[in-house]
Each structure stands twice: as C-alpha cells, then as structure tokens.
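So, here come the structures, one by one.
Below are two complexes that have subunit A in common, paired first with subunit B and then with subunit C.
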Partner chain A sequence: MVRLITHNLLACHAKGCTSNNFPLQFQNVQIELKEAEFNPTFLETFMPKLEWKALVDSAKEASATISRYILGNTSLPLEQPEMLDEEFLKNLHHVLLEIHVEEGIMICPNCKHNYPISNGIPNMLLAEHEIG
Partner chain B sequence: MAPRSVTSVSISEDPQVYEDTHVHAVYEEIAPHFSSTRYKPWPVIAAFLSSLPAGWIGLDSGTGNGKYLPLPSENPSRVWTIGLDRSLNLLKIARNAGGAAREVVWANVLDHPWREGIFDYAISIATIHHLATHERRKQAVQRLLQAVSPTHGRILIYVWAVEQDDLSKREIPVEQSTELSLGKDVFVPWVLSSSDKTQADNQVFNRYYHMFAKGELTQLVSEAAEEMGLRVGPKSEYSVSCSGIEFKQNGWERSNYYVELHCWAQ
Partner chain C sequence: MSRPELQAPPEIYYGDTEAKKYTKNTRNQQIQADMTYRALELLNLPPDQPAFLLDIGCGSDEEGYIWTGVDIAPSMLEVALEREVEGDLFLQDIGQGFGFRPGSFDGAISISVLQWLLNAETSHPTSSPPHRLHRFFTTLHSALRNPSRAVFQFYPSSDDQIQLITSIAQKAGFGGGVVVDYPNSNKARKVFLCLFVGGGGGGQQQIPEGLDGEMVEDGKVRFEKRRERDLRKDKSGKRKSQKVVDRDWILRKKELYRKRGKESVPRDSKFTGRKRKPTF
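Coming up: the complex of A and B.
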C-alpha cells in the first residue's frame, strides 16, 4: 500500500536528481480507506520527522479524489500545532495511516520521473541508465 | 529430506545480469512455496525489534514475504516497519503479512528511494548474501547507513555463513577456496515438488548465495562505513566532532552471521 506515511518518506532517486526531488506528486490515484489501530504515542514520536507541508498537500490531493467516498476529516492545519489534542491526533492518524493509494502514479517534481503504483505497490525500480 | 548439496560457482558475467537470473527470477518463481517455509521469526531479530523505542520507523530492506513487518508481536503498533524487495511476487504476500495491511515498496536494495537518514532503524535479513560482488555488498550496507539517522540509527544485518549449523540440511563442498576469509560463492538448490510426488517432475531452481566467512561481515560493514567518512568504534573513543558506528552485537546464529550497529554523532 502507499499510505501517506510512506509517501512522506519517499524521494526520487533517478540519476542526478538530488534536489527538489520530494515530495512526489500523485496523479490519477485510486484510493481505499481502511481502518488502522490508533496509537497516539507512535504519532507523537513520529511527528517531528514528517515534512508537514508535503503531508498537508498530499492529503488535499487525496481528499479531492475521495470526496465521493465517505471519509473522515482530512483537514490538517497548515502548521504543525504545538498542542496535540486528541482530535488533531485522530485526524493525523486518519491521514497518515488510513488512506491507501492503490493505483496511480507518483511524479518527481524535479525530473518528472514517473513511479507507477499498481495493486498498492509502488514501483521504485529504475532502468539501468537511470541509476545514479 | 536428504541433504541438499550446495555447489561452488564463479561469476563471470555482469553482476546485475547474474543477480537478475540467479536471484530475482528464482524468487519470482518460488515465491509462494518459499513463503510457506518462512514464517518463524528468528529470536535475535524479534528481540531487536522489541528493543526499539516507541514511535520509531524502520526499513526492512529485502523483506521477502514480510515476516518481520508485524513485529514486535507483543505490541505491533509501537514501531512502523516498511518492507522493500526486488521480487514483486514476494511483495504481494508481504503486503498482507500477519493478516494486516503492510507498507511495501518494489525496489532494489542498491537503490535509495528515500529522504536521507529518515529511518530510525533498518534491518537486512538474509539479503546482502544474494549480491554477486564485494563492491555491491558494500554498497548495500552503505544504503542502510544512508537510510537511518546518523545520530541514533540502528541497523541489524544477517547473512549466510560458511560455518553451517549441524542441524542444517545442507552439505557444503569441502574443497575450500584458498582464501576462505573472502567467503564462498555457491548455488543453493530450491526444489519445487510437483503434485504427483515423482521426483522426475520436481523443478530445481538454483539460487546464488555468497556465503560469508568468519569476520567478513564486520570487515564489510567497517569498510562501507569508513568509505562514507564514518568512524568505527564506540563514541567514547573519539574526542573530536565526528560521526560513526559502533558494533553492539556481532555473532553467529543458526548458520548465519549477524551484526547490530548503532550510529552516533558528536
């Protein structure tokens, strides 16, 4: 699956593509929502590692796609809040761990390399001449 | 089951093409059968995953059927492990490892499709021994070092050993190479039994392995780290501002060598 937690860690690794290679942009995505166990301790510890803007933007892209589904709240504040209340953590949990991108493409903002997602598995393989 | 012989090989072609033929293509073929024999986590690895602080995220580089993704079993949502493998057929199994949705990525262990140093830990279990040259094995270790945090990252690596367990079903050829410290390149047969049980119909797939010699894994890791400008040894040995790795465990278990590394910076 490509959940937004994974998407937030991935970067383009094509030959010579070393700057502006994150976040990969979603295109033509199909999404499934699956419940996951809520673990606030995990979220609080993991949060500082998130690239917040990338998460907020990809959550917006995803929610534009899933507006036709019944979904939880994908609205996250533009800045990471200092006070982590339960409502915020539940939203973060939903966005990070319950939105699964099953099909689609991730495009590098810099070199435009396409990484396809099929059956929930992102193909990050490069052809031999693209390996840095 | 009769002992299966391991045969020596030498690699003359391009190592990537060699791995495609003798590792990747084989796993694609044997994936479901292979997976059905790989369900029990090894104790040192389970203990490592249980020892991690809550909230850490990790990479399982060469995850295979994903059997380590659901750990630690006593508290599975404490840490978050993402699986990477070159075999799509194994990933199709791994993405539901332990009966829940898992995060998996299709890539080569020599790739680095991540933000630098973003993981807190990485494991590489029975994977690096499938790479066909010393250089490529070193590169795989460097990818792990790049993947984890330079200040607190932890890495666990397992590879197959020349020194085999008595209980192992395999017979290792005794004509030893003159440089045993460099390990041994072999084919290990995987027998896919056909349904009617007649041996003639069994399909045999030879998988390439580099069997590690005693001391070879620590040597490889040290070389990989030093090439990246990292010191090797405990932090307390250095007084200047620098980064390094320390071996926290270094052992042999069930026909495998393993090391646990901790990254440090000061």
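Coming up: the complex of A and C.
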C-alpha cells in the first residue's frame, strides 16, 4: 500500500546520502487501484507539502506498467496550479490516494540503495554499514 | 516473566504467534486503544483541519484518520494488512532514523514502543541506545511540521531512562516534557512523553496536565478537555470522511472497543494527583 502521497514524502535515509536522494525511483512495480473517499479539504491542506515535479514524474513511472484505460486519468499539470477546480482535485485525489504500489523496488537516485516493496510494504531497513 | 523488551529483539518477539496473540487479546487492545485516544488528545490537533499523522511502532492498529505507520516487526504489519487498515505501512527500524522530508507530518503518536529503543542488540556503535535515540529524534523532528507535537506513551523502567530519552529529544530540538496520568494508581498510571516542535501548536506552549483521580462513574477515562467541533456533514447528512480525530469520533471508537473488550478501564484511583514531572 505505498501510495504516491507517502512516496512523495520519502527520501533515502542511508548514511551520508543527503543530496539528490529524492524521489526514490520506481522499478518493476505492480499496481492495484483502490477507491478512496474524495476529501477536497484534505487535498488542499496537503498540497503545500507536495514536491510537485516529483509527483508528476512518479505518477508517470508508476503508470508505465499498466494501461491507461485501467489506471484512469493520472494526468497532472506540469506546474502546481493556483486555481483548484473540481476536475483537478479529482485527478490529484486519484493519483495520490487510489494508486497503490503493491510490488516493486524504490531506488535511490543518489546511492542506488534498493528499497524493495512486497505486499504493499516498503522495506526501509538498512544494513549496519548504511546506518547514519 | 521479565519485560518483553528484555527477552528478544522486537521483530523476533513480535513473531507470527505473538503478533496474533497480541492483536486477538481484546483486553490488551482496549488498553492500547485508550492510550491511543489519550495520545491523540495530547497532540492537540487543530480541530478544523484534516491531519496527516505518523504512527511510530504502529503494530497492527486500526485507526480512523489519515496516517502512515512504521513498525519493525513483519508479523505485526502482516496482521495490520489482514485487517485492511487504511494507512500506508513501512517496515522500518525507528532506531535507524527516518527519511521523510521536512514537514511531512502534522503530528506523531507512538504507543508502548519507546522502551524498545533502550536495549542494544549488537555491540556496533550504531546500535547503542543513545545513538539510536539520537538518530530517531533528529529525523523525527525534521519530519514534523512546525508547529506540531509528537506524543509517546511508553514504559520506562527507571527515572534514568526518562532522563536519557528527554535529554536526547531536547538535543534534537524538541521542547515539551513528561505527562503522567493517574500517577498514584498502580494500574492506571501511564507515562506520556509530549514533545513539541516549535511552540507545539494549539496556543499555549505549556505541557498538558496529567489526569488524576477522578474517573467517571462508568469507568470511562475522563478527557482533559472537550473538543468542540461540529461534525462536518455533506448534503446527504452523512459524515464526511474527514477522518479528523474529534471527541465524538473518539467516544464512538471507545464504545466499539468497549463492546469488544471485556471490562472497562480500571476505576481504582480516588487519589489526588502528585505534581507531574518537571519539564525540560
């Protein structure tokens, strides 16, 4: 159940890995879609926390493996919009909260540490020499 | 039997068997649930905004708001999955620190977990308790929004342990202090570490008062303060799935847990409260 909302908050935490360590790149992902209740207030308060470009890119990466017909509309504007209309918020809701990455790997763009995802749960454990 | 954290590392102690046992024990679940609600209350979240929370050492908890959970025991997480909990889960050793970006969460709670960080598993420098606590608190501090709070219920086995934990938390940038509920009751006494980022949010920067003495007649835990907040309803009159923690939600959940559980919260304390621990 890694959803893009949490993926967007997650940087690599291996020892010494402090720059260019976000966003973790998806590889070989399997996705499930689960409907979630639409909550525009939550989305609006959450928006300032998002790294927008990372979200747009990760949505693309995650959706590369699944047909658009199944996945639904994941298109987000390249810039975070100022006016939040209903259609935009619905797309954002879908991308952030309804796409669940169930299997795959998240790879740190800097140190290349692999964080495997199994059963929807990312394994964030580090080996002894990787602990900061 | 000695305390769990002295018997085995957490991911071993909470193996398949214990994880099932732990989550099937309704009495235990009720106690955990009550402490969770108290911790949420101490978080003092703004009533009119949805909050995104971190649950540290979440076990298999089911909750009612928008949250992310981390735990080191795969078996506990598996049970959580079976229960189809709503939040995202991470397999993570909190003593290794978090990688969450600055300001990710509006608050954090942790129930019955912190004492697990007080035992070294290996002789490697990164596994000494002070090192792990330091790593944990510094990365947690940065993952929290300013202002916000992190509330931990835990089981210290000495004042020295409380001292160690609070001094490292302070070095990591947290304000706040320890709140002891029902300090004079063996059964009901609970220790909460209430940490503030910035002013901690919610107006005053004071450490909340611990509860004492009076539990109301039916054994329900008395709440420090009532959160006045109308439930938002949509047009159909249905409650929006705001999943904000409010008092009504808490009370409903508590009812539910009580129905599942056996007895009510211990109602033994008629003592007057001792002054709570000094803050730092």
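We take it that the second predicted complex is superposed on the first by the 130 of 132 C-alpha atoms of A that agree within 3 Å, B and C clash if a C-alpha of one lies under 4 Å from a C-alpha of the other, contacts with A are read in each partner's own complex, and residues count from 1 in each chain.
In the analysis below, a contact is a pair of C-beta atoms (placed from the backbone, for glycine too) under 8 Å apart; a residue touches a chain by one contact, two chains touch by 3 or more.
The shown structure was predicted, so the numbers you read here are calculated from the model rather than taken from an experiment.
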| item | value |
| --- | --- |
| Clash or fit, subunit B versus subunit C on superposed subunit A | clash |
| First (subunit B), second (subunit C), both or neither touched by A:3 | both |
| Subunit B versus subunit C as contact partner of A:42, first or second or both or neither | both |
| Contacts of A:13 with subunit B and subunit C, given as first, second, both or neither | both |
| Touching both subunit C and subunit B, counted on subunit A across the two superposed complexes | 1-3, 5-6, 9-13, 22, 37, 39, 41-42, 45-46, 49, 51, 119-126, 128, 131 |
| Interfacial residue positions of subunit A with respect to subunit B in the complex | 1-3, 5-6, 9-13, 22, 34, 36-37, 39, 41-46, 49, 51, 100, 119-126, 128, 131 |
| Interface residues, subunit C side, partner subunit A - complex | 49-50, 52, 66, 68, 70, 72, 74, 77-78, 81, 87-93, 96-101, 103-104, 122, 124, 126-127, 135, 139, 240-243 |
| Partner subunit C, residues of subunit A touching it in the complex | 1-3, 5-6, 9-13, 21-22, 37, 39, 41-42, 45-46, 49, 51, 119-126, 128, 131-132 |
| Of subunit B, residues touching subunit A in the complex | 16, 53-57, 76-80, 82, 86, 88, 91-92, 95, 101-108, 110-115, 118-119 |
